[in-house]
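In the two assemblies presented below, chain A is common to both, partnered first by chain B and then by chain C.
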Partner chain A sequence: MFVEALLTGITLGGMYALVAMGLTLQYGVARIMNLSYGEILVAAAFAVFWLFTVAGFNPLIGMAMVAPAALVINWVIYRILLLPLVRRAKTRDALEVDSILATFGLLFVVQGVMLVLFGGAYYSYSFLAIPVDVFGVTIAANRLLALAFAAVIGLALYIGLTRTRAGTALRAVAVDPVSAQLVAIDVRAAAAIAFALGGGLVAAGGVLVSMFLTFNANIGVVFTMKALIVVIMGGVGNMLGALVAGLILGLTETFVATWIDPGLTLAATYSIFLIILLVRPQGLFGRGGR
Partner chain B sequence: MTLPLPVKIVGAAVAVAMLACVPLVADGYRLSLAIGLLNYTVLATAWALFSGPTRYVSLATVAFFGIGVYTVAVLGEVLAWPLVLLIALGIGVVLALIIGLSTLRLSGVYFVIFTFGLAELVRQLVTWFEVNKTRTLGRYVFVDITTDQIYWQLLALAVMVFAAGLLIRRSRLGLALRVIGDDETVARHVGINVTAAKVALFMLSAAFMTLCGAVMAPRWSYIDPAIAFNPVTSFQVLIMALLGGVHRLYGPVLGVVPLTLLFEFLLANFPNHFSILIGIAFMLIVYAIPNGIAGLAEKLWARVKGARP
Partner chain C sequence: MTRRFRILAAALAVGLAGTLSLAASNQALAQDKIKIGYAISKTGPNAGGANITQIPNYQLWFKELNDKGGLMIGGKRVPIEVIEYDDRSNSEEAVRAVERLITQDKVDLLLPPWGTGLNLAVGPVFNKYGYPQLTFSAVTDQAPALVKRWPNSFWFLGTSVQYINALVDLLSKQQKAGKINGTVAMISVADGFGIDLSKAARDGLGKAGFKLAMDKSYPVGTQDMSPMISEAQRSGADTFIAFSYPPDTVAINDQAKVASFAPKVMFTGVGTGFPLFPQRFGANVEGIMSLGGWNPNNAGTAEYRKKHVAMHSRDPDYWGSQLGYVSLQMLEQAVERVGKIDRAAIVKELQTGTFDTVLGKIKLVDNMPPKGTYAYIGQWQNGFFTGIAPDGANMKPMVIPKPAWK
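Presenting the complex of A and B:
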């Protein structure tokens, strides 16, 4: 029982960490507090569902199509919808408020489109639902696959951000957008790239989640919420923090669902959030200053 | 524009008296429309009471509203009506105090995020409690309150919201809030207890929202958590207040009237595309009129005055 819950929790936590990494890019670098973030995840899940059940594409091939498409779409969203707000904003706080409002509107638009297309019912598909034996516990192969992919994508992102020139530029913008300009970094271009990358990541996360969880058109808000909590828990802009916080959240949820009550997982999530806010508002790995 | 105070008070009293006559003359449909208008007037004005001066965007309107609704659904039959309202008020205020104390000490983003998920959390907790403890999901509201009475109660609530807004504006608290909204660091340095001021106002705003939910509860004969904690309510209140303009007390009303009528029209004609359409309407407002109708009107007025030497 314990090992099973542990494995489930790590898989779920890995998804949260991956999804939160995208959000921390969008919020940390592009300074956009994106409330429609989870809708991209659900849209990707529906896209892969459609590709798999109607067009007959393997979800992994689906991911190779959906994630780059989401990357491009998010870049366009940033250029068209959010750049006017960036230009208009006098301070960082003003941009935060404006972006919260604009993406809150976007949330209802995207959700409305999905409701029209798919209705409010729950969807799932069966892909690689083969039992696999790990440490004496049976677990579905699709979960292991999702976890492996999350680990690979997360690792690639981490190496890209810490070991390449472009990645260092993104991190520089996250630390101080004004000083970043002084060393010849195009902050607006960097912000657009970070926002697009975040969108691509969350789409990949959506594809992986759809392999083993049921989803419906209204569920995006929950993912946005959890991603936000993980980002704050780990410290805004901190990749390693997002990984640890994501795992903590996934494990907590699974343990609460297994031993206490499945109806109380969100309450557990919130309790963690409250404790973090009260004890360490800058996040587990964040530096002070806020 | 500057009338002496007694004239203003008499004018307001006459307006309220005329509004109070609406149930005597209006038919069923018009009365329910009027109730909708008053409901959103109370909610949007209460929202702007807190979010206007502090510039903290609260997305949790429906959490408090729903608590009000549920309190009536649970206690409406067993206790006297004023007592039920009082209990609803107590629950709402205590919840606001807890949320305010834990999030309002921090930067505004934490507050927004927390309120973003609050309605969902409360909804799931209520669902969990109903399924596991009372073993029923959904309740019937049996309260001996007529539609006319709902209207009058809402009108009284609206008068109270405006009175509270006016009193705050003239008090030390109002001045403190304006300083906080302009610059929190400055506010701290001149000796304002920033957290206490914000929490106090948040509690007041939540009190009105909870009461509004309690008063509105008899409108539904059947409720379940999905009805009481419908996130679209929070969204509608926010968009109305923003359209009207949050920096003036009368601002939100200017948004409530056109948008209530628009939503009524959209719901009747495009029920399936409602969410898309209000999302687009909302984004248009955020981009095109960031200061709301009140801000727009003032700008025009200033231009007219500037043109005349």
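Presenting the complex of A and C:
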């Protein structure tokens, strides 16, 4: 029973981490507190639903189309909608407030488009909902896939950010945008890339969770909230932090649901969140950005 | 002085009443259109349910009225005008919108919002202005008490006890026949619907001698059901009951399939009767039970389903939808019989009249359809969500055990 709870918790945590990784890039590096984050995730879910049920594309091929498309769209959103705010903002705090307001508006635009196209009804499709035996525990293949993606993307980005020149430049922007300019880093271009990359990531996450979660045009905010908790818990802008924080949340929820009461999962989540904020206000791996 | 004042007041009152009644009759004579208004959750957490069960019925009814040339009032067809607001799944917003519909838009008829919570929230406003409130997405054990307080309110889905009694009867029979053991595993969503139904089930199952080996509630929006499914699997119960919301209903069945958890009786909540359910699970829906259910041989509902599919390209919800359409048919007939927009008379007609509906002739008892009008418990049988309880003429026998997942 322990192995079962452990594996289920890791799978759930992997999904949380996956959902949060895009936000940690957008918030940590590009300094955009993107409230429409969950809506982009749901939009990707709808896109792949449409590709799968109408056009007949396998959701994995759908992801290969949706994620790059989201990357480009997010880059355009940054250049057109957010760059004026970046230019205007005198301080980082001012940018944060402005970006919250602007993306709050964007949230309703994206949600409205989805409502017009798909209505408010629930959507769901079945893909890879096949049992896989892992150490004697049965887990759905689509959830394992989401976990694998979270691990691979998390580690790849972590290495990319810490070991490559471009990654180092991105981290420099996250740490200190003003000084980064002094060493010839094009801060705006770097932030645009980080924001677009975050958009591509969240779209990939949206495709993966749509394989096992029922969604409609209105549930984006659920994912924004979850991602925000994971990002703040893990340390803003830190990939490894997002992965670890996601796993902590997933394991906590599963352990509480298995041994205490499923009704207390939310309470447990927020208690852990509170404790970590009290002990390490900068987040688990936060060091002013990494 | 006092006397003169009194006379003056009386004269004034008579005069006022006169102008008022004059205005009223003028309005009736000059009425060139009937305004129908409603506030409903087009966005927010309620939108999923409202978009399946309620809005399609409204649209279907408006289309039929428009095709006929409007509502029949005093022997001639009066065109309708529809005013719709989004209550954003928020009860204050719903109350404001309904008040606005009444006082500013001056609608002639109001249609209810979606869900138990919002219908309870707008109830006082409907009542204050005397508008009939024909709810068909609200289940509450307070319904009989509410009808006394708000005689203008009608509760087509009835009370949670009625569903639980029907379910417990079914289970008791199967247990007596030796088909299932006396142990039940139950989970419920920690929200209005789940709390009400699980409370009633705890009482009902306990009285019938069943043992609850598992009785857990989970928060709205729970994204992983596997710990609960594993516990139910370990509990040794032959009967699994989940009072769940649509996303959970899908997740529970998904997880049960992955874990090969096929209890002899599998009952899941809202969403089991939605068109998305058979789409998602195909032949695996066989044997799964839930609230609602249709009579497969009823020509009226079959015709209604055909119209619904023609307009919306999807099936109705097999619980609330047919009652929604019935309530609109009854409202239309009541208005026609009264012959004018006299809401008190329309309420009275709804309370006492007998109406021709897709479910046959219906006469309400205490503002609710009497037992036997429609199925409380249904089961997927041969790809059709078939009514199996309460005992009555049109109910099919229950299929047991639920087949294994394929």
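One rule holds for everything that comes next: the second predicted complex is superposed on the first by the 271 of 290 C-alpha atoms of A that agree within 3 Å, B and C clash if a C-alpha of one lies under 4 Å from a C-alpha of the other, contacts with A are read in each partner's own complex, and residues count from 1 in each chain.
Methods note: contacts are C-beta pairs under 8 Å (C-beta built on N, C-alpha and C of every residue); 3 or more make two chains touch, one makes a residue touch a chain.
None of the values given here were measured: they were computed from a predicted structure.
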{"item": "Overlay on chain A: chain C relative to chain B, clash or fit", "value": "clash"}
{"item": "First (chain B), second (chain C), both or neither touched by A:Gln111", "value": "both"}
{"item": "Touching partner for A:Ala102 - first (chain B), second (chain C), both, neither", "value": "first"}
{"item": "Chain B versus chain C as contact partner of A:Met33, first or second or both or neither", "value": "first"}
{"item": "Partner chain(s) touched by A:Leu277 [first = chain B, second = chain C, both, neither]", "value": "first"}
{"item": "First (chain B), second (chain C), both or neither touched by A:Pro68", "value": "neither"}
{"item": "Touched partner set for A:Tyr122, first chain B, second chain C, both or neither", "value": "second"}
{"item": "Partner chain(s) touched by A:Glu253 [first = chain B, second = chain C, both, neither]", "value": "second"}
{"item": "Chain C clash site on chain B (candidates 55-63, 91-99, 109-117 or 127-135)", "value": "127-135"}
{"item": "Set of chain A residues, in rising order, touched by both chain B and chain C", "value": "111, 115, 222, 261, 263, 266"}
{"item": "Sites on chain B touched by chain A in the complex", "value": "55, 57, 59, 102-103, 106-110, 112-114, 116-117, 120-121, 124-125, 127-128, 131-132, 231, 235, 238-239, 242, 272-280, 282-283, 286-287, 290"}
{"item": "Residues on chain A engaged by chain B in the complex (per definition of touch)", "value": "33, 35, 81, 84-85, 88, 93, 96-98, 100-102, 104-113, 115-116, 221-222, 224-225, 228-229, 232, 261, 263-264, 266-267, 270, 273-274, 277-278, 281, 290"}
{"item": "In the complex with chain A, residue positions of chain C that touch it", "value": "41-45, 47-48, 50-52, 89, 187, 190, 216-219, 221-224, 226-228, 230-231, 246-247, 250-251, 254-255, 257-260, 271, 274, 276, 279-281"}
{"item": "Chain C contact footprint on chain A (complex, rising order)", "value": "1, 4-5, 8, 11-12, 15, 111, 115, 119-126, 129-131, 138-140, 212-219, 222, 250, 253-254, 257-258, 261-263, 265-266"}
